[in-house]
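Below: one structure in structure tokens.
Chain nomenclature is as follows: A, B, C, D, E, F, G, H, I, J, K and L, assigned in order of appearance, with residue numbering initiated at 1 for each chain independently.
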Amino acid sequence: MNIMVLHGPNLNLLGRREPDIYGATTLDEVNTKLMEYGAQHRLSCRFLQSNHEGALIDALHDVVDWAQGVIINPGGYTHTSVALRDAIAAVAIPTIEVHISNVAAREPFRQHSLLAPVCVGTISGMGWQGYLLALHWFVLQ
Amino acid sequence: MNIMVLHGPNLNLLGRREPDIYGATTLDEVNTKLMEYGAQHRLSCRFLQSNHEGALIDALHDVVDWAQGVIINPGGYTHTSVALRDAIAAVAIPTIEVHISNVAAREPFRQHSLLAPVCVGTISGMGWQGYLLALHWFVLQ
Amino acid sequence: MNIMVLHGPNLNLLGRREPDIYGATTLDEVNTKLMEYGAQHRLSCRFLQSNHEGALIDALHDVVDWAQGVIINPGGYTHTSVALRDAIAAVAIPTIEVHISNVAAREPFRQHSLLAPVCVGTISGMGWQGYLLALHWFVLQ
Amino acid sequence: MNIMVLHGPNLNLLGRREPDIYGATTLDEVNTKLMEYGAQHRLSCRFLQSNHEGALIDALHDVVDWAQGVIINPGGYTHTSVALRDAIAAVAIPTIEVHISNVAAREPFRQHSLLAPVCVGTISGMGWQGYLLALHWFVLQ
Amino acid sequence: MNIMVLHGPNLNLLGRREPDIYGATTLDEVNTKLMEYGAQHRLSCRFLQSNHEGALIDALHDVVDWAQGVIINPGGYTHTSVALRDAIAAVAIPTIEVHISNVAAREPFRQHSLLAPVCVGTISGMGWQGYLLALHWFVLQ
Amino acid sequence: MNIMVLHGPNLNLLGRREPDIYGATTLDEVNTKLMEYGAQHRLSCRFLQSNHEGALIDALHDVVDWAQGVIINPGGYTHTSVALRDAIAAVAIPTIEVHISNVAAREPFRQHSLLAPVCVGTISGMGWQGYLLALHWFVLQ
Amino acid sequence: MNIMVLHGPNLNLLGRREPDIYGATTLDEVNTKLMEYGAQHRLSCRFLQSNHEGALIDALHDVVDWAQGVIINPGGYTHTSVALRDAIAAVAIPTIEVHISNVAAREPFRQHSLLAPVCVGTISGMGWQGYLLALHWFVLQ
Amino acid sequence: MNIMVLHGPNLNLLGRREPDIYGATTLDEVNTKLMEYGAQHRLSCRFLQSNHEGALIDALHDVVDWAQGVIINPGGYTHTSVALRDAIAAVAIPTIEVHISNVAAREPFRQHSLLAPVCVGTISGMGWQGYLLALHWFVLQ
Amino acid sequence: MNIMVLHGPNLNLLGRREPDIYGATTLDEVNTKLMEYGAQHRLSCRFLQSNHEGALIDALHDVVDWAQGVIINPGGYTHTSVALRDAIAAVAIPTIEVHISNVAAREPFRQHSLLAPVCVGTISGMGWQGYLLALHWFVLQ
Amino acid sequence: MNIMVLHGPNLNLLGRREPDIYGATTLDEVNTKLMEYGAQHRLSCRFLQSNHEGALIDALHDVVDWAQGVIINPGGYTHTSVALRDAIAAVAIPTIEVHISNVAAREPFRQHSLLAPVCVGTISGMGWQGYLLALHWFVLQ
Amino acid sequence: MNIMVLHGPNLNLLGRREPDIYGATTLDEVNTKLMEYGAQHRLSCRFLQSNHEGALIDALHDVVDWAQGVIINPGGYTHTSVALRDAIAAVAIPTIEVHISNVAAREPFRQHSLLAPVCVGTISGMGWQGYLLALHWFVLQ
Amino acid sequence: MNIMVLHGPNLNLLGRREPDIYGATTLDEVNTKLMEYGAQHRLSCRFLQSNHEGALIDALHDVVDWAQGVIINPGGYTHTSVALRDAIAAVAIPTIEVHISNVAAREPFRQHSLLAPVCVGTISGMGWQGYLLALHWFVLQ
């Protein structure tokens, strides 16, 4: 089973900025943990981080024939990107939305996700471990 | 580590009604799986299902000195119960909100959770496996 | 044909309090009239009044294998109970929502019913006779 | 007792269009059933269908000295006609609003009735039998 | 003069949880103070705490012939319970709504009370002494 | 100077229905007073009452070459008719909106006029004399 | 009959600023015209202009035993002053709200008057002649 | 292929009023152009203009067995007529909504069409040529 | 302990106007009762009434070094004055907001207080005795 | 006449994904048809598809001196891109917004276009033929 | 060039209250700095602070023939004063709105300025230096 | 002190398009003026303009170790970019938001900035000189 892991805007700063909100684990460390965990369970993972909405869309299009699952942390595009939503709906790969922080406890504009309705589901507030739970879910299928 | 698993209104019907939304696994089967999984990872689990908002609050109060974690599927009370929210905040046990279906893809009134801001986080749309992911998170701590 | 008649919060006061809004017929008198009318038309009726949201949900679950119809006056829970709505949808028994007073002519918060969309329909403003019309509808089926 | 039955816009198509929403009984058949039922209970009924808001208002004015009751299915004017509401309030004949389909389960703009607050009450979702229930209510007075 | 004092959900935790919001005086201590103060001024007080919306409604119904006044801290039901509002309106005993914390300075959903319009008035933010002020008001009548 | 006086829906009932809101002077009496007052000040008046939105629009179109002023009481169409607004804007005759009752003190849906922005101005709450004031304004020009 | 004419904020600039909105007649000229017109019809008029909300309230209180009518152009306080509204309601002198410009055709925040519901009615968009129409209305009583 | 072209309120003034918004071509000229264009492409067109909402509904009902397509410019009824929407949905003839001006650039109340969701689609802002494009679309089918 | 008592707009009319809403006790009588009650409990009270928002702000500034408590009935400024709110926050003297009537049972615009979030708390609906309860609270500190 | 045709996000998938919504014609096929149609009518067309908001803006800037017309299907950016709107307004080339599906019949967030007010007009719901109609409009100028 | 500097409500407390929000520089010190800076650049400055909305309006009227620029910190009146907005628009002197704190980062009711649309522009969050920047802008003209 | 100056979408057109809104000075000219002014005050400035939201985020990330201040004109992304807001918050460099035009006087969607709450403050409506004022503020620190 092939899983595409997409990290949205500002996640390249993970572990280096605002650790009280996002924790102290860097993005590379997260990817390594996911890679290892995936390897143990016969999942092949690819990773991409971009601050560009269009690049995230391009990436989804690119894996349409390769991936059987997508894990996406859309960052700020969660709340504003109809285009990304349309991309998820179009490629029709089972997708899980992950948020490191508990967005429900933050600003009002973070309380609505444009993407969630076209995803399988959402995991938020679980720290970087949220990615691991998402990967675990694919294992359980 | 002790985990209280609270099932809110109508979850006693799990697996027997509306399987297209909630799946075909019964509540007893879910609890058994969680019990077994917990046992493998040194977690002690208790379970309660109630259709009564007050009974769910009572249950939270009752485990305040026993539990180190709570997993709650508040069902319809997710969107309407300030009292339950206050109970979660008051007992101050790390709590994970779980929804079997992807509430973000359903009616507008299901898109806002009164409880999520006082929980650690939320897992929704992952089927009964969502409970398992929540339990897994406690294992990872 | 078996009909469950559910009276929600404060309806135990019917006929004894606020007669200008709710009329002077008591709940026992209403139930008696429905019983008699039902008996004349081969309908078997059961009755339950409760001020507890959870008890109303329990009652719906309890009659899932007995009733072919439900008549419910959800009182104040009409406007606030997602849990009761979910119960009606889950048991999937044809249900008629009845209001004694014309809720459309009262406070704004009474103008929206969370339950109506999962019921067959609604009868409001017809006084206690509204229950009789609902029963009559089941006779006509 | 004299009853005016007013059918609003598009109800002339009843039974011939969108039977999944409105059923297969034609307007003439409904009127015939009401006429017969009325005749059995000493109610004299008149009927009018119009697609013109103004014609429905005219009709209400015209029966002010004849009718002791009005049954109106205002169709799409339910949600948009202050003028029709004012007419019902002005003629001050007890009026019952009837909807064949369960409007609460349809589009958001159908969830609010401008007319209901000045009517005795509302019956919706009961199919063509809703008219019969309304007539039955007048019999019960 | 007989006064019913109703404590809503989570108030059993008073003085033991979140003292920065609700203070360090326990519910028993509050009740004792009220009892003593009442005794000095010829008021007879009864007390009830419940986390169940229905139990609070039942309690109001039960004292309809005994109490000349009600003091209620509805906790989280303040903002969500039409059923409790209807109960207060129905029993028609002069009722004062009390909040320990200054709800106006908290979350937006706490800024509107469904109950206040059917009460005599509201006292909020005065700590446990708010109950005493409410009792004092009955003395002044 | 030629003035068209348009009376909207239900105004044919003026003086005969709801006198507490609209007064006891009939529409004929109002028209007579306006005719006389106009005659004294070299204004020629025509009058039309209709319950049909389309008929009011037709009437505006018909007087486009005759009238130098329009006085309109749009009744319930005030709040709902974009078509009538467009007609007033299209014919571009100075138009005064008149309401007999003080609409600002009535239901919320009466507090916004779709027509007022394309009129010269509005006179409301002045009773039938509001028409006279409107006529007086044309005299003052 | 004694009439108090109150001019609110910025009306001292009338005729000297923004003539395209408010015309070229100065406030003194308006007052002179009203004085003369009043004198012809046995109305005694007093005038006050102030930019201070409190001063307008004081003025209403001061004439409570002298005036039988009030004409007020509340300017910007129309949309923001609950205090002025309360003053009009308290003194209970028949009051007419006048606006020189057609406020319905201006910014959205000008489309709602806090004062109008406690006035007899409103005249807007009629230029300075609106004051004259208001005075004329008192003559007609 | 038979096409019904319906022109709504005020379109009889086309080309004669407000040419800056609606252009200088008259309705007769538009109809002539459409007729000719239709004739060249084997489309038979009928035309109707009315200021009456009810008449537009009647017209739709009348062509239910004749027309294979409808082109409608609903004018002001676009934003207010649930009844017309219901008629379009009921007759179930492919319908194109046309607006001469770019309604998206006008007042807020013109930005939402009640009819568009039950039409095939919408063409707006293209001048009278919008009708021609609509006709062209039917040719392309 | 020094207490400043501030009465906002229209309270000079207390006891003389609208006694059904505000009671029959005059402001002087209220102040006398508070003075006497304060004297019995070692509280020194000063009083000010003004219809001017600015004067109330000035008064708060003036007592910043004298008062240990403020009791304010802001009248209509409750709902509209950010400036008064800022003054209360700036002087940082414990302040209690008092309303004679039960504002929660009145017009919608009275249901939100801009000042309450920066006050200790609010007492409303308790009649003039509300002031006494506020004073009593300072005694209890 | 030179026409720039801009295809927004996800339109590269046209004809290959979600054919029930967007049809089975691919983007290349659409462009070919437009090219051919343009060639027949002396229009020179260029084409660009991008998933990047910034690239669409860049493209508009790039053709400012070449194009006399723009046809844009902004996809998901229709509802979220103020930057794209500003670009259209800045380059001031007549622009037509095209949507393949009938956006008015889809999710609420698709019902408002930020771009339409600065375009000539909009064509939606006409399938890929909508592009052709837009091109046809330029021919008609 | 003459510049009027207007300080609104509570700014007399500047530097003495809430220094974490507004800084530790007093109003006198700010005015001195502005005076000195102005003197260096040929600007003549006058200063006024008032807690009275009306006094700020009066001040604007008073300088209409003297000032070529106005710098105003309207404090709490920013969000509530239509009257002050009208004054700024009426005197038509180029006006800059200054806020010491970053109002965008504070309560929701501070996020909208009624005055800004009639000012040249706004400077907020720059501390007392914001006044200096405003003065600097006038120098740059 | 190092200052990064970021120009958002469409600002490359500055001085060449819509000069009535944005003035006639080109972006190069602005940058030159800032460079010179900075050089005079020991500020080192870098400049970047991009129409790509992602590129602006990348740029912020890139200067995290170089810049002590950021001046950003986010153009249309001001109102729509949560991702850009998150970037500003993450890099935690003091940032000033600049708008050339007075956005408060433009369309409603321009009246709310997602970025302002995480910036030091905002300068808008001051023309290209707004950049200079922002630079000046850094000099004053």
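By definition in this document, a residue touches a chain if its C-beta (ideal position, glycine included) is under 8 Å from a C-beta of that chain, and two chains touch if they have at least 3 such contacts.
Treat the numbers as computed from the prediction; the structure is a model and nothing was measured.
Touching chain B and chain E together: C. Across the two candidate interfaces, I-K and C-D, the one carrying more C-beta contacts is C-D. Mean C-alpha position of chain D lies 30 Å from that of chain F. With centres defined as mean CA coordinates, chain J is found 47 Å away from chain F. Here the spacing of chain B and chain H, counted between their Cα centres, is 54 Å. Taken residue by residue, chain E touches two or more other chains at 52-55, 80, whereas all remaining positions touch fewer. Those chain pairs judged to touch are A-B, A-J, A-L, B-C, B-E, C-D, C-E, D-F, D-H, E-I, F-G, F-H, G-I, G-K, H-J, I-K, J-L, K-L. Contacts from chain I toward chain K in the complex involve residues 52-55, 57-58, 61, 80-87, 89-92, 114. Note for the complex: chain K touches chain I at residues 8-10, 12-13, 17-18, 50-55, 75-80, 109-110. Chain L meets chain K in the complex at residues 96, 102, 104-105, 111-113, 116-126, 129-130, 132-133, 136-137, 140.
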